[in-house]
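Shown below is the structure under consideration.
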Amino acid sequence: MKPIKTLGVLTSGGDCAGLNAAIRAVALHARQTYGLRVLGILDGTLGLMDRPLRYRELHAEICDGRLLREGGTVLGTTNRGDPFHYPMPDGSYLDRSPDFAEGVRELGLDALIVIGGDGSMRIVSRLCAVAGIGMVGIPKTIDNDVHGTEYAVGFSTAVNVVVDALDRLQPTAASHHRVMVLETMGRDAGHIALNGGIAGGADVILIPELPYTLDGVARRIREVLAQGRSHALVVVAEGVRTEQGRPVTDQLSGRYGGIGQYLVDEIAQRTGVETRATILGHVQRGGTPSARDRILASSFGVRAVELAAEGRFGSMVAWQDRGVVEVPMSMVTVGARAVAADDPLIQTARGLGVYVGEA
Amino acid sequence: MKPIKTLGVLTSGGDCAGLNAAIRAVALHARQTYGLRVLGILDGTLGLMDRPLRYRELHAEICDGRLLREGGTVLGTTNRGDPFHYPMPDGSYLDRSPDFAEGVRELGLDALIVIGGDGSMRIVSRLCAVAGIGMVGIPKTIDNDVHGTEYAVGFSTAVNVVVDALDRLQPTAASHHRVMVLETMGRDAGHIALNGGIAGGADVILIPELPYTLDGVARRIREVLAQGRSHALVVVAEGVRTEQGRPVTDQLSGRYGGIGQYLVDEIAQRTGVETRATILGHVQRGGTPSARDRILASSFGVRAVELAAEGRFGSMVAWQDRGVVEVPMSMVTVGARAVAADDPLIQTARGLGVYVGEA
Amino acid sequence: MKPIKTLGVLTSGGDCAGLNAAIRAVALHARQTYGLRVLGILDGTLGLMDRPLRYRELHAEICDGRLLREGGTVLGTTNRGDPFHYPMPDGSYLDRSPDFAEGVRELGLDALIVIGGDGSMRIVSRLCAVAGIGMVGIPKTIDNDVHGTEYAVGFSTAVNVVVDALDRLQPTAASHHRVMVLETMGRDAGHIALNGGIAGGADVILIPELPYTLDGVARRIREVLAQGRSHALVVVAEGVRTEQGRPVTDQLSGRYGGIGQYLVDEIAQRTGVETRATILGHVQRGGTPSARDRILASSFGVRAVELAAEGRFGSMVAWQDRGVVEVPMSMVTVGARAVAADDPLIQTARGLGVYVGEA
Amino acid sequence: MKPIKTLGVLTSGGDCAGLNAAIRAVALHARQTYGLRVLGILDGTLGLMDRPLRYRELHAEICDGRLLREGGTVLGTTNRGDPFHYPMPDGSYLDRSPDFAEGVRELGLDALIVIGGDGSMRIVSRLCAVAGIGMVGIPKTIDNDVHGTEYAVGFSTAVNVVVDALDRLQPTAASHHRVMVLETMGRDAGHIALNGGIAGGADVILIPELPYTLDGVARRIREVLAQGRSHALVVVAEGVRTEQGRPVTDQLSGRYGGIGQYLVDEIAQRTGVETRATILGHVQRGGTPSARDRILASSFGVRAVELAAEGRFGSMVAWQDRGVVEVPMSMVTVGARAVAADDPLIQTARGLGVYVGEA
């Protein structure tokens, strides 16, 4: 195997906390230990596909502790469009993988570390195959739905934001004797809602993976009220559908902005209690990463460089049992990891009396 | 003057952080220093108007440091209905001031401390006049629009929540090269948006008090982009209207959920930059109070008890120059204090280059 | 097996964040699901050994979300004395296990859930054997040195406090071009220092498990300075000894308060850079638990009740791979789990260029 | 008056949170509004006194929101030595004001904005007089002891850190039935301890300005215990002396590290309660500035530039009644502002039952 000399690193997909910590770890280890040149590719794969090429040499000065503490990605990211079928301004579609391959050649990249979710991994794997370059993946996603790893970068911080919001909503709910509905991120996977809801003391947690009934929701809220508490907290992932399984925007009249507002109306009607919604939105992505996300990202970055240096491509670093392991990319790119019906946290939630949908 | 023996305290209007700290200070000082019996009236004035009466004796054990740290109000609050013209279930309206007066007599209250905004002060002043009982006010409102005091309880914490959100939105805006619009509370007064926007590094701050143009907004964003920054932050108070001064819900088709979404659409169209909205909502009310709100609330509570004990009724405690003063209630109940066009923070914002509406 | 009716729960050893969340989960699940009576024993085993017995029935009202959010333990705890050889005021020693057994009988306890570290588990196991009562353990310790579980309750919050401190020390170090030494908890195990140091961007991390040289420390600091950074961060666990392996208080003249000050003197002398120490102390134990500690504690509490209800005694609940498992107590009571020389985080730290002692 | 073209800005004395926010505001307003060249002088006055001169042109890119959020000072600072009597390595002393004046000439500075405490203001005023350059001051100090301004930059964040620590110490104190003593910064002025202690629920607050007795301290702690609370919190500023008014290091045998440990020993002995000390130290300086410090610093920076542009030198910007005013430097340089015996917060503390020394 020919030793690598120039290593590329890019972030792809939605941003989250801890990306910079991973970039820093990659740059520090690659430069200090292996003497590699490290190029940060800007704006995901676009930096290699657009002309002029967009990249940034990752010198030592960029790698100080500040990068460890900062949310987002200094490299920029994108989640626009499939590179193999890229939407052009004129409405046509273009296969941009040749641009990518040429970009790789122009920069002289010997390997690429991709920090992304399962979708990004799948696509960039194919791009790297076209370009004839080895790739190592670092899992990141606030949704924590990447297979093969206990945790992905960004999840811990997102859960903290949800819990922080519930810690703020609880006193105002109690003061006004209200039901508060908090809508979190999670289009397909309910990990954020489930973790955040348990940690934040929710009485009801609804996630896309588990069917529920509005009667079940209302019953739990009435139970709570009957026990003498005058308020309740409901957490719902944005991807949850109506009781009948329809997307919420299917409702007539366009009245509903989202699942949160739908639940507010239905709960208020069923229980007679004043009910309000809060939609957390983009704040879940950002901010100073949690200690956990920094450790995860740092460990991932270091190990990914080692795999690249050893030529062990086609793999993703993953967290298992307090440390980093290596899993084959094929295990990852099968799709998103949903919350299983027998997820241990479902048992925890039910044990606490939380309504998490029909058993 | 007959010395008072029994002191009532209630919270009225929307809840906020620091109410419990004020309640604690009232109870501690009234009991320890003056040997008063202290009754916490539940759910604002309703606790005295409904039957059975709802109240809670504030013993020592409720007054430990935990109350200092907890958001919301352990007494409950309400912002429903004018007691002099109270909406009844059958659609009629009732003057409930006699109920209030009778409640005061039944409990043997000699004085009442009211923790509320300018509206609550006005209404409860009139109720106390009917009941023939002296009242002292403690200003609270996240909007900070009470006349006569530099700060009201709850404002500092609300601003912190806004700044916290901007600290989280900035990295995700930068990572995706987006404009992020944050909608804060503030129906009539823009203090939260103005303070939060300056502290959080906003490029545009729109408040109900100052007219603006969408061209002005777009011009500032283009300026920022021209300087090499690829993202921008916009803060808007919920009470801001369209460029033409119409409430946002006046828009045809009910398309807009709020001013945040209106701005997103208009900014995206005018600048071509991806733009997203976040509506902060109820999280601004809650949570552990800031150090500032705890000091303010504690100082207010102590002084309000002194005023009540000395029979100096019809006054409100206020914060001026690092300490508490007493202002006549008549100065307070003239209405809400808006952001003046020559507010020093408007000058600060403009000095930083922030667009805060037309000069 | 006779079904249990009355369940005791106690916290033992040093307090930490998340104990209340575990107590709440135990009480909620035991009462709601199994209809058990739940008695919280006060002040660790003392509540059962002293007379009158000290305990508190855990009703529903104590189990609201507030308990989830609060640091410490509402049951109180103690880490004074071995119950089998208990130091009495008169200087004699007493075997108090008969008192314990009698206390168990008086309260009619059928099983006991013990929230404690490995030392507490060992001792209370023996007490329960004497009393003829089944026990289930829930691991807690900020040091994370309990065998058999990836994480113990309290560790995550303690690491967050360390990282928070480093985030505060870094700017002041940079402003004054100083080396800042942070002394963390960890008498025997360096997990807090190692995790906190990596997440907080330390340049040197010293733990009790790994020998170091002052030359190694100074070399790393000089390296950092040579790279153009004018400051450095050092994290040291309190249990670290002098370079020669002597306890720090062995120094002549009683000059050193602790390892932090020792390092300050040695680093300043070797590098010529202004160096200062901060000793974090008790703040590492307390405060609102992290989301992670709340999830851990809630999951542990629920599962521990299930084990007790099923009569599966002599076991400890443990966290492995995103969920709770059961491990035999014998695996736990072998002693504290130290940081292994090949701990994955040691590799991470070295990969980042951190000096963590001699390889 | 000749219009100024080149503006210098420097930070002097101990660092604190919000310095960067002030630097950013100065640079933004000076460049954008007045078209000035802005030079950041490095390491306080040393940057102008040492050769080669150390400075950094403050371009637009340094002025983004990141600077607003970051603790410390990117310019560096120093609190070493009186420039008029500067300690040289050979043990002699040198008047370095001619170096300073020459540095000012070399850089072509027309005016200097100094961000510092009262001591720095006094010294740099004299240096500027020698150099024949106008100066405007921005008050900063975590101690908040600058005359003429309600608040100085850095104080609010420091108080938050103290409150944060008390919020963490309270649960561990309660869990173990301990008295916790927290030693804060404040060599001569007790503002941090007083504000932090009130906001953090302290039972005893000792500051350098007010004499106390150990009997008074012990009496308050016994009172608290008698009321049924099993723990207490004590806050003490580092500059507090022994009961007899001696510096703590005067104690025989060098046993005491500081006032915190002195109190621990005396309280434990007098009350029989387990007592522990925590010394907060440098964490009080650093970290992300509070919203309040960012607003203060931004407002100060903007106004200081206006004063400089208008040639209104010899003044300091100050905060009064929600806005910035201008005070003559002569009002500031008279010395530090101590806590007055009739400070409103002393009344607040006493009203809450806190022991703050003898009345």
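Just so it is clear, A, B, C and D label the chains in written order, and each chain counts residues from 1 on its own.
In this section, a residue touches a chain if its C-beta (ideal position, glycine included) is under 8 Å from a C-beta of that chain, and two chains touch if they have at least 3 such contacts.
Every value quoted in this text rests on a predicted model; they were computed, and no experiment measured them.
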Chain whose average C-alpha position is farthest from subunit C's own: B
Copies subunit C and subunit A - interface residue numbers shared by over half, same or different: same
Centre-to-centre distance between subunit D and subunit A (centres being mean Cα positions), rounded to whole Å: 41
CA centroid of subunit A to CA centroid of subunit C, Å: 30
Whole-Å gap separating subunit C and subunit D, where each centre is the average of the chain's CA atoms: 35
Shared-contact residues (touching 2 or more other chains) in subunit C: 70, 167, 170, 288
Of subunit B, residues touching subunit A in the complex: 11, 14-15, 17, 19, 43, 70-73, 76-78, 161, 164-165, 167-172, 174-177, 180, 230, 254-255, 257, 276-279, 281-283, 285-288
In the complex, subunit A residues that touch subunit C: 25, 28-29, 32-33, 60-61, 64-65, 68-69, 150, 156, 159-160, 162-163, 167, 170, 195-196, 198-201, 227-229, 233, 288, 290-292, 294-295, 298-299, 301-303, 305-306, 320-324, 343-345, 347-348, 351-353
